[in-house]
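One structure, as structure tokens, below. Some questions next.
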Amino acid sequence: MNPDRAILLLWCPDRPGIVADVSNFIYTHGGSIIDSSQHNDPVSDTFLMRIEWDISGFSVGREGIKPAFEPIAAKYTMTYRIELDSRTTRMAILVSSYDHCLYDLLLRNREGETHADIALVISNHEVLRPVAELFGVEFAHVPVTLSAKDDAEAQQIGILRDRGIDLIVLARYMQILSPRFVAAFPQRIINIHHSFLPAFVGAKPYHQAYERGVKIIGATSHYVTDDLDQGPIIEQDVARVTHRDSIKTMVQKGRDREKLVLSRAVRLHLEHRVMTLGNKTVVFA
Amino acid sequence: MNPDRAILLLWCPDRPGIVADVSNFIYTHGGSIIDSSQHNDPVSDTFLMRIEWDISGFSVGREGIKPAFEPIAAKYTMTYRIELDSRTTRMAILVSSYDHCLYDLLLRNREGETHADIALVISNHEVLRPVAELFGVEFAHVPVTLSAKDDAEAQQIGILRDRGIDLIVLARYMQILSPRFVAAFPQRIINIHHSFLPAFVGAKPYHQAYERGVKIIGATSHYVTDDLDQGPIIEQDVARVTHRDSIKTMVQKGRDREKLVLSRAVRLHLEHRVMTLGNKTVVFA
Amino acid sequence: MNPDRAILLLWCPDRPGIVADVSNFIYTHGGSIIDSSQHNDPVSDTFLMRIEWDISGFSVGREGIKPAFEPIAAKYTMTYRIELDSRTTRMAILVSSYDHCLYDLLLRNREGETHADIALVISNHEVLRPVAELFGVEFAHVPVTLSAKDDAEAQQIGILRDRGIDLIVLARYMQILSPRFVAAFPQRIINIHHSFLPAFVGAKPYHQAYERGVKIIGATSHYVTDDLDQGPIIEQDVARVTHRDSIKTMVQKGRDREKLVLSRAVRLHLEHRVMTLGNKTVVFA
Amino acid sequence: MNPDRAILLLWCPDRPGIVADVSNFIYTHGGSIIDSSQHNDPVSDTFLMRIEWDISGFSVGREGIKPAFEPIAAKYTMTYRIELDSRTTRMAILVSSYDHCLYDLLLRNREGETHADIALVISNHEVLRPVAELFGVEFAHVPVTLSAKDDAEAQQIGILRDRGIDLIVLARYMQILSPRFVAAFPQRIINIHHSFLPAFVGAKPYHQAYERGVKIIGATSHYVTDDLDQGPIIEQDVARVTHRDSIKTMVQKGRDREKLVLSRAVRLHLEHRVMTLGNKTVVFA
């Protein structure tokens, strides 16, 4: 995290002159480019760019960057956003009763690998309250029952909004979110699914993997959309298994992949390195 | 390959005494165990074993091993087979027009990585004839048309039987085999599918992977059964891709995985290291 | 962990009859073999074996296994040991001030991935006391100064012996152990070194890797001997880096490898799957 | 390969304005940026950039690009070069008697994975002449003896210069090149070393790996400098081994890594994606 950095993410139809105009904008306002990545999607002919620059000597203040950039955005019909690295993302973690991803996210953030303000843990069980408290994070117990799922979600959304949450991480949260919940936090909900999607969608993927006799298991982190396990994939990784692996040892090997994959996806999101294009991601790693 | 080696592969209900009886059998007949592996499948309570021994001082000749072992097999209701390492597997390769797996199999065999007698290449096209001839392997062109597919398969089966083929390797052969063909060579047909199954079954898996936006592509080698891409998996491997990969570069990265995965599966089969149990494999690597 | 399991590990000159005699021994005493692995080292012509069996119906009690086996051991001049899975290894962790491996070992053990009795944490600093206490593990602070290193080691050895420690894990402990310390716990000290040995022996391997410009970094877990970073290697793993990686991000990526490699090595040791032969290991994974 | 592409590679002290000036240069001359990557090396405060653009509508001809760019290069004291994708690199392969990397490079080039003009194979033996001829490539046999090594190198350099060779690939060439040879082709000689450098420098790295008992072997591709196996690393990869691997099976597993690593390094070089900075590479993959 650097207090003097701004990051511009933009999408627009591909046309000559964009890079020149954007880099001129930064240079003429006294900025210094730190990093720049671009991608031309050949299917949709879309240009995507992530550019990060030093604003310590910028001639307009933080609030003025957007108005100053607006004419360029309009010229190219850009969709864009400007992120200030000084603004720490407020993150909530939703869990059920598995603790490995929760510990992993909390430890990495304390270690400085990620720079979120982890403000809240919500669970449908009480069991992980001590973990949240150990790290000084507010814990909210919101029981979810089949008959009152709507009420539970309304309560969750209320708490998340009240705490000003920007990013929701489902760290092995065992409930399916309704379209209403997803719509309340578009592209701000990251899930970890314990298979190499699109293999083994839905429940009990390690059991499915065991049944099918695969030699590789995996984990997938993706943005949550209305379609279960179908959202844009951010990161995946795999581990080898053999006929000697039981479901129990697959679960153990898989936990390591889940932690690595989820933490990488969260870090990439927090560093504003992930853009979505249709149902796919562009990851400027 | 070692002319003085025998390999016993056996399956039976798990009971105490099997290892003692089998190792005693080898010892008392003057054999010396080189390698031994076993597996107890907890679901079916099946015991599987692969044991390899030096028969240079064996008190019964090659043809006598099976009769001598029969009483032990009967005692434990074993399914089993005895392979002599001196007997080289006769292998046929079925191809269409991609040559990377064909070259790879032929080069590795010539290099001594595998010890098959590659006796035949069959193709529905003429284009790979020079490759077969370069390695001194018979090439049979059997055109396959929709209307006369049955005839073509009958012709293929005829040639394969006539040449005494033990193992058929589909090295990117683009035709689906009929149940009749599969039944003619049970568990002796190995295919390479260019995805990490069960993801992306069927046609154009790289296109499917591109559409889905996965971050990992793969290849899977399996025994062919009547269900397309559903047979017992022998080996899998993966490669990383990013948003920068086109279908073309996925195909290029994938080719390397296809070659590695198929050649490993073929080598494991040739060394009699693969056993099947239901729709899964036990690989004593 | 299974209270009714015994594990026999043996080394001896290779001769016919060993497997038969060992498996007969188990069978005739009413045992049932669970798993068996063997290796013939061609350089030294040594036979190594690990065999695990169910002793719930064994005709001699736990204390009687060794005397009953002695004649076979003598016949083949075996070096061997018999481990009872019911006997939990007492483990100590030595740390300095990095906490990632410490947390990882403690969490995995609590999770049931490993079955050690983690009885003690010793550190030359106070900073990790709260972590030990969080998991209810005794913490001993033994300061180490250049002038009084001998005294410090004597104190450490005293505590370790007093607590009946079987296995010492150096979880990024930043002091070099003296030959006297190593001799007190032969092949019972496991270290994690943060490079793919033999590359980058000694201090600051990530700095060395950065200077050399490697594209892969790694971690190595090994038994500690008198030669720094030269002991028998148990497990290694690697991670990709690019020119974009700083020493700081190499350290972050490396931490994940260190945790995975050290925990795998510890688990393999605890399950009595590691044998040493000269300066190498045989790992019956 | 695209006939209408130019690639600019530049190094200079880091200063604001470079990206703006370079992208303006391309835009105002009617070019369209296809891809752009940059790196700021924090140690030397060097800025490195690779920018690729469409020159089909460029207002100056191919020969005019360099003069037109010169003022910008001078302003920032740049070291730079401009490559035209239409100009195919002329490549020579030096081999001894192993053929796996030679076949691999020739097959991939024919397949269109790389776009070199492979114009020459030089060997100190005759054995691989048929492989070169199979692909229609000139083969030069230049015997190398200890007493007449200088003469042999002079002859090699003569042939390489005569054929207008831009890139020399040592595909398991078993002779050490003299400083004179290296100086004749600075940063245009790529070697494959069969270990994960800096481990196992020099002769017989698989033997060294076997002796040390590593659990991972590797391969490294690097530019050749005067210091044996010490040049800038372009690419590395590894494979797992166990105690069961002999030197022979390590060599087999290693061959696959050698082929993959060398072909990737060659492809990256041919696509002008590799820059060197001191003894390290920046790879804009």
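Each chain carries a letter (A, B, C and D) given by its place in the written order, and its residues are counted from 1.
Methods note: a contact is a pair of C-beta atoms (placed from the backbone, for glycine too) under 8 Å apart; a residue touches a chain by one contact, two chains touch by 3 or more.
Here the structure is a predicted model, which is why all the values come from computation and not from measurement.
Colleague: Repeat of B-C among A-D, A-B or A-C, where over half of the residue-numbered contact pairs coincide, is which pair?
Modeller: Overlap exceeds half of the contact pairs only for A-D.
Colleague: Sort the other chains by how far their Cα centres are from that of subunit B and give me the top one.
Modeller: Following the centroid criterion, the farthest chain would be A.
Colleague: Would you mind pulling out the distance in Å between where the CA atoms of subunit A average out and where those of subunit D do?
Modeller: 37
Colleague: Counting only Cα atoms for the centres, state how far subunit C is from subunit D in Å.
Modeller: 42
Colleague: Two or more other chains touching the same residue: where does that happen in subunit A?
Modeller: none
Colleague: For the complex, give me every residue of subunit A touching subunit C.
Modeller: Against subunit C, subunit A makes touches at 100, 103, 107, 111, 113, 134, 252, 256, 260.
Colleague: Which part of subunit A faces subunit B closely enough to touch in the complex?
Modeller: Per the stated touch rule, the residues are 39, 41-42, 196-200, 212-216, 218, 232-238, 242-244, 246, 277, 279-283, 285.
Colleague: Per the contact definition, I'd like the list of subunit D residues that touch subunit A in the complex.
Modeller: Per the stated touch rule, the residues are 16-17, 19-20, 23-24, 26-28, 30-38, 40.
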